[in-house]
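Both complexes below contain chain A, partnered by chain B and then by chain C.
== the complex of A and B ==
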């Protein structure tokens, strides 16, 4: 039990946890035919359930997972496993059929049925089942209600509603103007432009992965790793002062975290060149500014020549530029994470005078 | 079916339903066509499209939860006053004075699950490529509905007026103060000034507009209440009507061409 706890605790450190999620994601995309077998899916479901049951023997862990507003996240884990499993299973079957020159299974029963009764009937059953489920849940568990609001006594940690905890976790790596405003805005814009930049005519109306590997990988990486995994991290593994606490740790509000993060300008001017920071803000931050400009100006051109050449030719300049800009913004989060973990980088560009930190 | 046929021939039945009891194809088609609620559906649907393994019923579950939230929400509004004097006590009274009172529980768990159902619905739509032509525009309506769902949940989170509520909204709305140009701690805010007088201050920026004050207080409570109970549900209802209508017009639930 102690060994189990220490292994879990070690694995859930943010850097390890996010890396493991990424490895899991790569496996998911590359080995989806094996992973979506019903036996594997059931195994995973039982494994996760066992993890929660065994983990719940620990008081600190039990306290976190049974907190009223945290229950949706436990449900989310199983719901995503079930739905994604079903989707990939059907994609695997369809891809095998497509390889043999057969149409996807969805094309097999091409027939139409009358909505009354065939669809209305299942909607009705679904409504009854859901009503029963929600009534049972509501009788069993009381909605959370804490002490009356007080504007002067802040709880520690103060957390946003659970579905925004991925954004709050992003605050570790980016300032609020990026994590709270620009990136959420880009998520919405990015989602909205998807139908207009995805020019691949295949995979319209049936499950497949092989025919749309790039589109599906990008979407699922954003959703599963950069959104869902961060929601879980922000809910279960972040305690007082937004410090990291492993699942079996006590949430000690006095935990001390050394502040060792350093800005790129300090790294370049003080550590590498060995002078003091220049007084002129723009010269001081020139290294970071150059890197950011190069990231957004040169990378798209480089990718258009090599790596994503096919995209550029098929999509045209406008669509390609929008796609690459959005991908670069999305990649900014993992990149910043890596920089933080490996060289303790705080900001690439740090101009607190203008509230402009990147 | 003798009795049913008799009822179906009465003047009352005929005045409500313009067709017989739906047990033959013609009446089944008419049942969907001539009913304002059922005609959200087409008369016929693809067999492959209505399989549970294809849609997971997630869009339907989202709509069900919206109706559940509307119903329980209206009931809650009878007991709840959106002022800082009463809000907290009204919610406590709901628990202590209403026998078998589970409306707030239904409302809260339903809200959480609605957020999840919307995410899973979007994942399904993405994985089946259902946003591709001719459904691009409907995907966009869907993205706005996702946003409205999150906002509905976020505004509702404040209403119990407990510690959980006020601080979650404080954390969330603090983001707004870093909004570029129009948040007082955002990059570029200091550029918006006339001479020495800054236009973007804690008492004039976007966060102030959202909260009706510098802090989450009485103004914010009323503002969130109105948004939560009137403005956002109306907007969501309107967009849902368009969303469902477009599903029909764009060829029903997606399927292979």
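== the complex of A and C ==
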């Protein structure tokens, strides 16, 4: 038990947690045919359930998973496994059929049902069952009320609604104008732009992964690793004072975590060159500005020459640029997280005078 | 009666000068609509200036300078959103080796939550995104891009410490060296 706890606690360190999620994601995309087998999916579900049951023997962990606010996250983990598993299963079956020269299952009439009465009946029954479930749930579990609201005291930790915990985690690494305005805006705009940059007609009306590997894996990376995984992290691993706590740690509000963040400008001028910060703001922040400009100007060109050459040739300049910009913005989040965790980097460009920090 | 009215209307319709044109009708209609919408907007603007404000005054007297021991005084956090700090030395405001008092805003400079003072760690720690500030107000951990703001502190006529929140001093603008950002007392 102690060994189990220490292994889980070790895996829950933020950098290792996100790395494990990424490795799991890569496995999911590359081995989806095996992973989406019903036996494997059931095994995963039972494994996760066992993890929660064994973990619940620990008082602190039990308190976290049974908190009214956190129950939806426990449910969400299973719901994602179920929906993702079903979609990948269907994709795996279709991809195998396509390889053998057969049409996808959806192209045959097999399994087609009528909206009325089949679908409407199922929906009706689901509505009744879910209503009953929610009523029972709301009676059985006390609403997670907190102390009366006050303009001078914030609850500790002050957590956003669970579905916004990914956004709140993003705010730890970026200035509010970026993590609260630009990136959420880009998520919405980016999702709207998908039909215009993804003109691949394959997969229209049937599930497939093989024929749309890039599109699906990019979307799922943003959804699974950068949203769902961060919601889980925000729910289970963030405790008082917004410090990291492993699942089997006691949430000690006096936990001391020595973190002294440093801006890139201080790192370059003070630590490496050994002078004091230049007075001119733009010269002071030049290293960060150069890095940001290079990231957004040179990376797309490099990718167009190697790695994503096919995309550039097929999509044309405008579509390719939009795609790469969106991908680079998405990649900026894990990059910034790793920089914060490993070298305590606060901001690449830090101009508090203009309220401009990246 | 009805016939005269109808014939009158028919006469109006025939007379192009007295007939309201389609364009005129639309202009009048939209004009009235926009006017009404703007009057409604004025009502909204009026909400920004309430008759009575249930807020503590922007400046307050906090007691005699001698009442403040070394360190952070949390008595005015709830009532006036202010921490009053006595420090033996405050190099950040250019007062090395000079003892005195300054007043810190309790609003986190990241997204405006209210940090907690952790006496054991001698720091302010925000529960929302984990920003940390030293007792001087300097930001050193988490995402907060700039230090806590300081208020004007002065001695009132009766010898009490007067905190004036109408005047704020921001470190990143080099304002902490201002004479009234730090009270030598």
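The working rule: the second predicted complex is superposed on the first by the 353 of 358 C-alpha atoms of A that agree within 3 Å, B and C clash if a C-alpha of one lies under 4 Å from a C-alpha of the other, contacts with A are read in each partner's own complex, and residues count from 1 in each chain.
Just so we're on the same page, a contact is a pair of C-beta atoms (placed from the backbone, for glycine too) under 8 Å apart; a residue touches a chain by one contact, two chains touch by 3 or more.
Treat the numbers as computed from the prediction; the structure is a model and nothing was measured.
Residue contacts after overlaying the shared chain place A:352 against chain C, while chain B stays out of touching range.
Of the two partner chains, neither chain B nor chain C is touched by A:53. When the two complexes are overlaid on their common chain A, residue A:155 makes contact with chain B and with chain C alike. A simple residue count on chain A separates chain B from chain C, and the partner touching more is B. In the superposed model, A:259 lies in contact with chain C only, and not with chain B. Of the two partner chains placed by the overlay, only chain B lies in contact with A:146; chain C stays clear of it.
Once the two complexes are overlaid on the shared chain, A:1 sits clear of chain B and of chain C alike. Residue contacts after overlaying the shared chain place A:176 against chain B and chain C alike.
Once chain A of one complex is fitted onto chain A of the other, the partner contacts of A:297 are absent, as it touches neither chain B nor chain C.
When the shared chain is aligned, chain B and chain C each come close enough to touch A:168. Shared interface residues of chain A (contacting chain B in one complex, chain C in the other): 150-151, 153-155, 158, 168, 175-176, 180, 355.
Within the complex formed with chain A, the chain C residues making contact are 77-79, 81, 106, 110-111, 113-116, 118, 120-121, 125-130, 132, 140-143, 145-146, 172-173. Taken together, the chain A residues at the contact with chain B in this complex read 68-69, 71-72, 75-76, 79-80, 83-84, 86-87, 90-91, 103-120, 122-123, 126-127, 130-131, 134-135, 137-139, 141-151, 153-155, 158-164, 167-168, 175-177, 179-182, 188, 191-192, 194-196, 198, 201-208, 212, 216, 219, 223, 354-356. Against chain C, in their complex, chain A makes its touches with residues 150-158, 168, 171-176, 180, 240-243, 254, 256, 259-261, 346-347, 350, 352-353, 355, 357. Residues 22, 25, 28-29, 31-32, 38, 41-50, 52-54, 56-58, 60-61, 64, 68, 84, 88, 91-92, 95, 102, 104-110, 112-113, 115-116, 119-120, 122-124, 126-133, 135-136, 139-140, 143, 146-147, 150, 153-154, 157, 160-168, 170-172, 174-180, 183, 185-190, 215-217, 254-257 of chain B are the ones touching chain A in the complex.
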